[in-house]
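Before anything else, here is the set of structures, which you'll find just below.
One chain, chain A, appears in both complexes that follow, with chain B as partner in the first and chain C in the second.
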Partner chain A sequence: MDVRTHMSMIFHLDKCIGCHTCSVACKNLWTDRKGAEYMWWNNVETRPGTGFPTQWENQEHFRGGWERKKGKLDLKLHTRLEGIFKLFYNPSLPGLRDYYEPFTFDYQNLFNSPKKDVQPIAEPISMITGDPIDIETGPNWDDDLGGSNIYAKNDVNLESLPQEVREQMNELERLVFNYLPRICNHCLNPACVAACPSGAIYKRDEDGVVLVNENDCRAWRMCVAACPYKKVYYNWNTGKSEKCILCFPRMETGQAPACAHSCVGRIRYMGVLLYDADQIPHAANVPDDELISAHREMILDPFDPKVIAAAKENGIGDDWIESAQNSPAYKFVKEWEIALPLHPEFRTMVMMYYIPPLSPVVSVTEKSLFRLDLMQEDYDFELFDRLDAARLPIKYLANLFSAGDEGTIRTVLRKLLAVRIYMRRKTVRGKVDSVSRKTLAEAGLTEEQAITMYKMTTLPTMEERFVFPNYHREMSIEAMLDPLTHKGEVGLGYIQQPKRGE
Partner chain B sequence: MDWNQFFFVVFPYISFTLFVVVTIYRLVYRPFTQSSLSSQLLERKRLYWGSIPFHHGITWILLFHLLALVFPKAILFLNAVPLRLYLLELSGFALGLWALVGVVILIWRRITTPYIKAVTTTMDIVVLLLTLVSMITGVLTASLYRFGSVWFTGVFTPYLWSVLLFQPRPELVTPLPWLIQLHLVNNFIILAVFPFSRLVHILALPLDYLIRPWQLVIGMRDRKTVK
Partner chain C sequence: MKIRHKIWNSFGGRSFVILLLCVFFLLLGGCQTSAEPASQASSAGQDLFETNCVSCHTIGAGVLVGPDLESVLERRDREWLAEFIRIPDQIILSGDPIVLKMLDEFNNVEMPNLALTEADVEALLVFLESSGNVELVAEAPLPPGDIYRGEAIFSGGNVLEEGGTPCVACHTVGNIGFLGGGVLGPDLTKVYTRFGEAGLVGAIKNIVFPTMRGIYAEKELTDQEVADLLAYFATVDREGEEGTASGASLIFWGVGLLGAAALFGFMLLFWSQQKETLSDRLRKDAGIISRRRS
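Presenting the complex of A and B:
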């Protein structure tokens, strides 16, 4: 057992209101620079929808992630030799059209325009060439357009749905969408790291953050194509790849990443997960239907004395183990088993998890009026066994979060629904009846768990949502070097500007 | 000092010195600036028709030049049978033409595409023009002065070795036609410009990718040793 530590984020999708505050916080902090305008290290997509970059999940086109052939795992993008030959032109690399051309407006024209009979306008101009452009697409162009014939219907996750279900989803009365915030998944088996010919991308041992060493990056851009989530971006100005850094400078000082910290719906949780690195090769290489269970198997129980002993053997400090025990990530992923990885079939072993959305659960049309049925008591229990009546088809969620396995999604949704029913009985009637207890038991939860789940979902404090261990950065120089090495210097010493080479 | 002295004795040393010293300085102290500066994100269609012919063509041509320089006997042995000589010459000529077409497309792309103009520096143009001259003179030499692969080992191999071993023998190249001399001098210029341009990306050819492990994990300290 090779115990290692990882910082993981949980996204509670039922709580996401799609406000994009996370995206803007991230943009302001990290990607508001020349060459990075088009990058969204954090973005929020409307689902069903095609996402950003358009149709990123279509791996037949973009060739991201890993492929399992004859029991062997290989990059879908290239073999090593092919990688060298594709340095000069990579057909699988997304172009700017797949993202969008960054634009601004010529505001100066509002002030400088000569006197005319008409109002001056601020014309849209490209942020790359500076020329006037017609804006044809932009970030979140398909925001809130679930059910649209232009955008949502091209969602690749809809492909395996029966035709009549797909048509139903386009009916005005049954239109449905939810939001999917995405950052880099900081995978355990990252395809970007494996695809980088220069070896410039690496996984940080302490907390699993996947980083690009820009001094080593040579702009071969294989990472961009190999990442199945398209979360590595190429800076066209500096000629280097960039990606989400999980705000490690913030985490090292005990603050939550900007996206998580600013989250209005408080949908994000963060904490340490202990995992067994020895199990990664196996867990990434099991048949599709075993992916989730193998993944959960790999996450270790921080209360298990054997795990604690092995962790200490690996040099993991007591405070990190304690942090793992208090971790909300552990509760959601392993204890309650309601948080799932996004697209586990890409086999990169993602370490960011999603709690699939339950709402809006079910609806009926009465006298052409549209009504949610959740408030009717008896319907609750009936619904418990009728999850197929959910407006968002189970199969669709399964395509997103469990490699198409509806059983996994059903189990999770039943748990979420059972807690809702239980808590409603408790708060509305003031007492819990045997039926709701039975519902809870059928979903595989105890009353104690239900209450903790409820509290963790609805009323968590900042400290409960974000549990950060102490990084001991002050020790990282001292332990290895003479502590006086940097005395008399300013900050980290001489830093070069990230300027484009000639 | 006559021009021959300058071009074939002094200038080679200037360019070799710049090439070695500045390149090492840049790779060690300015690693951020070493990049292939790909522009595929901004424009891909013309790049496809330019970059692939150019890079694949030039790589093979350079490898053959290097082979003739380091193992002249091998080339001579290869050329001992006429059929093999014709095959080598023909394939070399074809590769050269292919690369020439590529570089012309790349120049056209760079000066006409607005997106590419936004990321173009003067040095990019200089490098492209030098490459163009190199290609044209090379292809012309191959077609006008047959058979290059035979006389190269008798003229350029000893000359370049004489320069590298600090006993320059300019008399080997002074009688050559001006076209071939231009090819030689132009390549010395490329060598001198190399460390100041995007050409340094050639040295980043990631051959170690063929053998390195898939995943890289780096920590602040080795957990096993620091407890």
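Presenting the complex of A and C:
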């Protein structure tokens, strides 16, 4: 057992309102620079939709992630030999038009326009060339089903759905969408690291953050092509690749990453996960239907004395173990088993997890009027036994979060519904009846679990959502530098020296 | 004992001794310079003449490539001559009437700029003024040359003994073949006539052309090589025609342009596909035509 620590984020999709505050916080903090205008280290996609960059999940085109060939795991992008031939021309590499041409508006024209018969307008301007452009697309162009006949229709995850279901999803009475915020998944088996010819990408030991060493990056852009989530971006100005750094400077000082901290819906949780690094090769290389269970197997129980002993042997401090015990990530992923990795079939072993969203029941047409397809008897959340009546097809969610395995999604959704039914009975009616107890038991939860899950979902404090261990950065600096080196010095100095008598 | 050693080894002690030695040698050097007789200037001029001029000029032995320089100072103004020796290329370019007449007379062989300093020129002039009483050493006669070896030397088939660059890298001759030689230096087809045998020997053995000088500075040709080249040049002069291979450059351009056109044409077949991104394709399939100004 090789116990390691990882900072993991949980996205509770049921709570996401699609406000893009996370994206804006990230943009303002990290990518508001020349060459980075088009990057969205954090972006929010509307699902069904094609996401950003357009159809990034289409790995037949972009060839990201890993492929299982004859029991061996290989990059889908290329073998080593192919990689050499593709060094200078890589057709799998997304181009700027796959993302979008970043734009701003010529606001000055509103003030400086000469007198005309018509109102002056602020013309869109390309942030790359500075020339006027016609905006054709953007990072959230298909937001809230905008242009869904182009984008939502071409969602890759819909491909394995029956044609009639796909057609029904375009009908008004079945229309549905949810939001999917995405950051770098800081994978345990990162394809970007494996593909980099310069060895410039690495995974931090203490918290698993995957980082690009800008000094070593030689702009081969293999990471951009190899990442199945398209979360490594190439900065055309500096000639280096960049990616989400999980706001490690914030985490090191005990603050949540900007996207998580600013989240309006409070959908994000963060905490330490302990995992067994010895199991990664196995867990990344199992058949598709075993991926989730192998992944969960790899996450270790921080209360297990054997795990604690092995962790200490690996030099993991007490505060990290304690933090792992209080971690909301551990509860959602392992204890309650309701948080799932996004596209586990890419086999990069992602460490950011999603709680799949619930959706309303479908409507039916009755005497040319729409009516929600509810059951007659008095029973809240009638979806519990009829998950197929949900507007988001189970298969669709399974394609997103469980490599197509519907059973996993059903289990998770039933847990979410059971907690709702239980808590509604308890708070609205004031008593817990046998029906709600039965649903809870059927979903595989205890009453105690249901209450903690409810509290963690609806009423968590900042400290409960974000549990950060002490990084002790000052101690790791001490090993290389004398912390008192600059004692008594005047910091960054003065731009203008203050003078007496002035 | 120990202390004395320390003093001797100390930096101050040593540097004092070094300083003394320096002063001594400086004084010695000064004495030597001042002891040099004034007539040495003429000898320095002779050295310069032998390294730079003898390939083309004689003093009293008749015309070689350029004119006989005996009593040249009686024929030409001293200042004009000094200027011409220092920067002949610029004077030729300026269209000086004397030079134009001389060029006509000497097969249009231009005198190269030898990069001499004003002091060098002065020394040369002093030597030329007093040249009546200086004997120039006669060159040893060349061994018999071989035309085929000469051709091999010219075209690089035979490696030059001292490792010099073969002529064909920069020069061409009439019958060198389909692709011709280099174009940096002049066409050498008629060089034998233009320079004359003695002049050509001088020009090859004692190279003064500024571009060639650096290349062959440490890599002089042997007498045998010079003789072979001479034999070759004599044949080429008789048989070859100037500029016959210059058509090769036209072929180069033709093949290059056609090849480029073919390659670009081939790339054009893939261009439209290559430019279309997934999101472009989605929009096109949905019937949205890109309005982008490109």
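As a working rule, the second predicted complex is superposed on the first by the 455 of 502 C-alpha atoms of A that agree within 3 Å, B and C clash if a C-alpha of one lies under 4 Å from a C-alpha of the other, contacts with A are read in each partner's own complex, and residues count from 1 in each chain.
The working rule: a residue touches a chain if its C-beta (ideal position, glycine included) is under 8 Å from a C-beta of that chain, and two chains touch if they have at least 3 such contacts.
Computed from a prediction, not measured in an experiment: that's the story for all the values here.
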{"item": "Joint occupancy of chain A by chain B and chain C, clash or fit", "value": "clash"}
{"item": "Which of chain B and chain C A:Thr461 touches, first, second, both or neither", "value": "neither"}
{"item": "Touching partner for A:Arg204 - first (chain B), second (chain C), both, neither", "value": "first"}
{"item": "Contacts of A:Gln163 with chain B and chain C, given as first, second, both or neither", "value": "neither"}
{"item": "More chain A residues in contact - chain B or chain C", "value": "B"}
{"item": "A:Gln119 touches, of chain B and chain C: first, second, both or neither?", "value": "neither"}
{"item": "First (chain B), second (chain C), both or neither touched by A:Asp134", "value": "second"}
{"item": "Contacts of A:Gly95 with chain B and chain C, given as first, second, both or neither", "value": "both"}
{"item": "Touched partner set for A:His61, first chain B, second chain C, both or neither", "value": "second"}
{"item": "Chain C clash site on chain B (candidates 81-89, 135-143, 171-179 or 207-215)", "value": "171-179"}
{"item": "Contact residues of chain A, present in both the chain B and the chain C interface", "value": "94-95, 131"}
{"item": "Chain B contact footprint on chain A (complex, rising order)", "value": "80-81, 83-84, 87-90, 93-96, 128-131, 189-190, 193-194, 196-199, 201-206, 214-221, 234, 236-240, 314-316, 476, 479-480, 496, 498-502"}
{"item": "Of all residues in chain A, those that touch chain C in their complex", "value": "50, 53-55, 58, 61, 91, 94-95, 97-98, 131-134, 136-137, 149-151, 154"}
{"item": "Interface residues, chain C side, partner chain A - complex", "value": "274, 277-280, 282-283, 285-286, 288, 290-293"}
{"item": "Residue ranges of chain B in contact with chain A within the complex", "value": "30-42, 44, 47-48, 51-52, 54-56, 114-115, 117-119, 121, 123, 196-198, 200-201, 204-210, 212, 214-221, 223-224, 226-227"}
